[in-house]
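A, B, C, D and E label the chains in the order they appear, each numbered from 1.
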């Protein structure tokens, strides 16, 4: 039983971070129908930026907030500088998706060059090795903080999207772009904010993942793929779905690894996703897209 | 025996009855017009007939064969072809290829033929397609991408694609809507001609009462998923319920 | 000077297909204008072109609003000038509630005056009060159309463009909607209306245009139009030979326009 | 129309002719220069290890500043292959005709894909970092151009397991390994020791991971469940640090022995406090950072290529390869040909490059220079050798 | 000038004299390449050949049928390892290649089944899962992956007194030629029309009697057959296999090639293959900046030519055809 709980705890704590990544993926997909393959690399770049600032001026508050800002601005820059020109030339959605692949490659190269390729331990206010014991279950300070912060981040996002005027505009824009335009909502600015916000969430996930996974230019590759999978699992157009998907995936992975076989952990996790998708093709909380004949 | 027999079909979407208890018989080589205001279930009926929707209850027989649970391609194979209200063409293909897709069922599907580029079949079908192109006056657009063609031409291409299938029953969903008046006349003439030339039975949905009544042998009126009248065009048009449905209470 | 002036505009799809073919149209202030025409004639394209929703269109021609050129502006800019477009599908945010939809209509407005406008709308369409918390997609067709018009009114439009407001509505509801439009017009809003249901449209409109194949083929006051034989035959369904002959004329019918 | 087609034809022919130029028959040696080719991952997920190639190049620059070898400067062409075998082969083919010798090839897959290049083109390969057993399968005459002084993973694993069994009383062993040839060879070595121990020791768990995987908490729990008293790590640096942290989180601190890639004291920075007390293996051809001879070389390398700072261990690894080549060139004498280089290489006897390592020996019958290990102990931020070098049998 | 007089003439592969002239010239150029180009270029072009087979296959799936797949690495691995094991058994090369394709094709059908229910990114995730599953199976099964040391494969023996590289070149050249012909033949036949019909409008396609089940699965089968053959040829060229050669990066490479080359274009697939092989190779001297340069070229191409290289190619061709008059 303890063992089971331990697997659950570790699954949920990694799942919370998948959820954070998935939220960013969903935010962008919902509003622009683009799968952002640069999401992980943007997060990596942001995290390296935080490290750089920290080395110049060792203050967590400053470096982290600057990194979040940096990530957001990068994504907004990409939206205005690259995506809009491409859309003006009638780029297809797949083409725009490949644009993000290109962007990811650029970030990856730059992170390697400026950040270095060696694994680095990322300075963080919460300790990775300090452990709390609840009965027989161990949970590290970092995992606790990460889960807490990703829940807080999700809550803030929820609040922003559901309760504020900006969120209302974001929802409107992602649902019906033309209608939003005719109502005079500055859709480009709203969309760029969605991009910025998504990237910011990615950087937030990166900041919490870096101390746990060690920082190098490729540390977000796996979490990004998992976040992407979690987003699809939850339904690509549903923000709560991303959170559910993230936690579910983390849990599935941990339990499959623990009780079945650790070597096929990823395969089993994907198998679960495939089965769920075959039953619900639009994801757990996604809404079905019905075509009018 | 009627060619098509619909028995008491019903279908609902999210609690709203789109069709309730519709029965209809279509005799061979007749033109039947289905009329009714928007949202009265005409297109839904077509979608049920072609297997895109599966009715919750009821039976549909084509030549005595139950087609209720068949997939659209299987139904097409049995001889039902259709056009769509909002054009559903293969926009990136040229007109010729669009029509050739209509011939798809008549190809001998030996995988070696395409692989070795043996095109005897292709030429055979091209000849049939050319007849259709002549009939529909599409010569000038043969190699044009459909997306580049004017609306009227696209409508004709869709009709031609359905004809290429050589169906027993042709379902036309608003075949003359959106055309200019001249084109409408021409289209109506062609529909009438199809029956004579290709011996097809035609079921058509139309908004324009005037043309529909001139074309059809008999007429069915729908209102909110229910059949409110059936008979000759004259009868149906005089039916008070139809008048109310169309023109309101006054 | 006309309120909205459209001169010789050409709109193309995919840079190749002409949808509007040198169309010219004038709209005067505080009147209802109806544009009639068959499907695919370019009615929707016309409205979308004015609203700026078609990228880089019109290719040629001028659109002036209150003496100001507005063609090829971003749709947000055009909207902020006071032109509000209600599309055929009503352009509602289906996943949002009625209240949220209405809130979005007030985008960019100061809080002052919103209350009064809301009251006016609720007076016009009392049903919306009941539906405040419901998602827009759960509304019936007529309610959706009312919501769309209500939302458009919250933007305090100078020009309200409606695409087939009667589409898919039961006759009674359609009449309700049109009555509301009449009221709105009386309060000083210019309305440009695109309709297939000519009878209904001409009843409330002051002027009408007939659009075919991307061109205006006939214009006049609604009274003139209603008396025109061709219009009667083609759009009002009052033609003579409804059911009699089975023979088909293949000659082109001569028209008086 | 026709005229213009002709022009285009002309242009196409010109384009196709472009590669003709530059096709000169240089064997890569002049009186003043000798050209060395290195293909190594400088981008992509394995880019860290590209530091070996950079280290080799930096050492060549140093040698050149000392006057070169027999008046010849060592010119290095450094190319990126992104750890992709196809690109590595392409790089070698591009360098062919310019280079005299290839140095410091990296990655088992790359080495495997490239090996025929050396057999076919008779270009010597001095040092390859990849599974040495690749070569062991080939007859001696084929390996004429191949010189390697890289430790065998399996031999090392056997050494570690035997050591811990004899000197530290390990009974229950577990291995956490990378799911490729490197990790599997380690597993194989430990399995051999366990089966030879006649029941004195047992393998309680063998937990694999994939190189892209970073979330290792499940793996740590698995290791903990096994209750092993000694855990062997055949991993990358990152994964060693990560698994140790995860194990510490669940309160599991067994004796830990790690393979030589983690012999780098930078692990203290990466892993933090959990690294204290770990037993890393040391490789036969390099020493431990902290030793005087090592630090001297590392300082030189950083002077020539400042970007190597923080990657001294890997850089020295590469530099040793370049030293070996330079030694071979020196022994080959003024008249440099492929054959004289091979003779020169085979003259190397018990030679410690710049005093580093256990000493390597090549001979006509031995092209595996040194296959040695020793045990280190992580104490207070440094790796302290706690045993002498043990030299395993060279494999070829 | 190009008046068409019969259906037969209209159905020919090469309809214009000019086109034929260029193709012949290109083929002659390619045939002569090993005689005047350095071995390096021979190798790079060989690699382009190999990639272009698989990319053509994926273009049939993604570009023509409109199904997004991220499982390419899995098919590559299946093809490559099938080839490897068969070659260890000593069966002849062409048979091995056929079975590499066939095996991948069978798995393609299996992966195709979800495509009947799923669309777009949802399908992408399922295929991605397939790629990961294949990778893990190979990594964890020593029997399949050929043991700890990987699988060493007998390379192609030099023929007719040519060098080994040249032999490879011609062998792959012939195969690419055949596969390209096959692609052209397929897409211009009823099969290709059915694929495009499904992509453009699946509901209409079904109503016209095109069975979605059959043709989607067929598209998956054909595309993975091609990709499997690519895997086999890659194994043959490398002479060595290990599962780590077929990771997600390989999938991305093929996907990028399809889009950069241009969707639904056979020429585009070849151009895309050339792009993904040559860009990293040509810039391999820039070391750590390769990803940056690679990414920037992708951005530039897709911003200025949203239809990919084949779009640009079409425009150039049109320009040349109209030449004096524009």
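Things to note:
Keep this in mind: a contact is a pair of C-beta atoms (placed from the backbone, for glycine too) under 8 Å apart; a residue touches a chain by one contact, two chains touch by 3 or more.
These numbers were taken from a predicted model, which means no experiment stands behind them.
Think of each touching pair as a link: the shortest run of links from subunit A to subunit D has 1 of them. Note on interfaces D-E and A-C: more C-beta pairs are in contact across D-E. One simple way to say how far apart two chains are is to compare their mean CA positions; for subunit A and subunit C this gives 43 Å. If you average the Cα atoms of subunit A and of subunit B, the two centres end up 48 Å apart.
Averaged C-alpha coordinates give centres for subunit C and subunit E that are 50 Å from one another. Computed centre separation for the pair subunit B/subunit E is 40 angstrom, with centres defined by C-alpha atoms. For subunit E, the set of residues touching two or more other chains reads 136, 139-140, 203, 248, 288-291. In subunit D, the positions touching at least two other chains are 43, 47, 50, 179, 208, 210, 212. Counting partner chains per residue, subunit C shows two or more touched chains at no residue at all. If you check the complex, the residues on subunit A that touch subunit E are 29, 35, 37, 82, 85-86, 89-92, 94-99, 101-110, 112-113, 221, 225, 228-229, 232-233, 236, 263-264, 266-267, 270-271, 273-274, 277-278, 281-283, 291, 293.
Within the complex, the subunit C residues that touch subunit A are 51-53, 55, 74-76, 79-80, 84-87, 91-96, 100, 103-105, 107-108, 151, 155. By the touch criterion stated above, subunit E contacts subunit A in their complex at residues 62, 68, 114, 117-119, 121-122, 124-126, 128-130, 132-133, 136-137, 139-140, 203, 248, 252, 255-256, 259-260, 263, 288-299, 302-304, 306, 308.
Subunit E makes touch with subunit D in their complex at residues 18, 21, 25-26, 29, 32-33, 36-41, 43-44, 47, 136, 139-140, 142, 148-150, 152, 155, 164-165, 234, 237-240, 242-245, 247-249, 280-281, 284-291, 320, 323-324.
Considering their complex, residues 1, 4-5, 8-9, 12-13, 16-17, 19-20, 22-23, 42-44, 47, 50, 78-82, 85-87, 89-91, 93-94, 96-97, 108-109, 112-113, 116, 120, 131, 133-134, 179-181, 184-185, 188, 208, 210-212 of subunit D touch subunit E.
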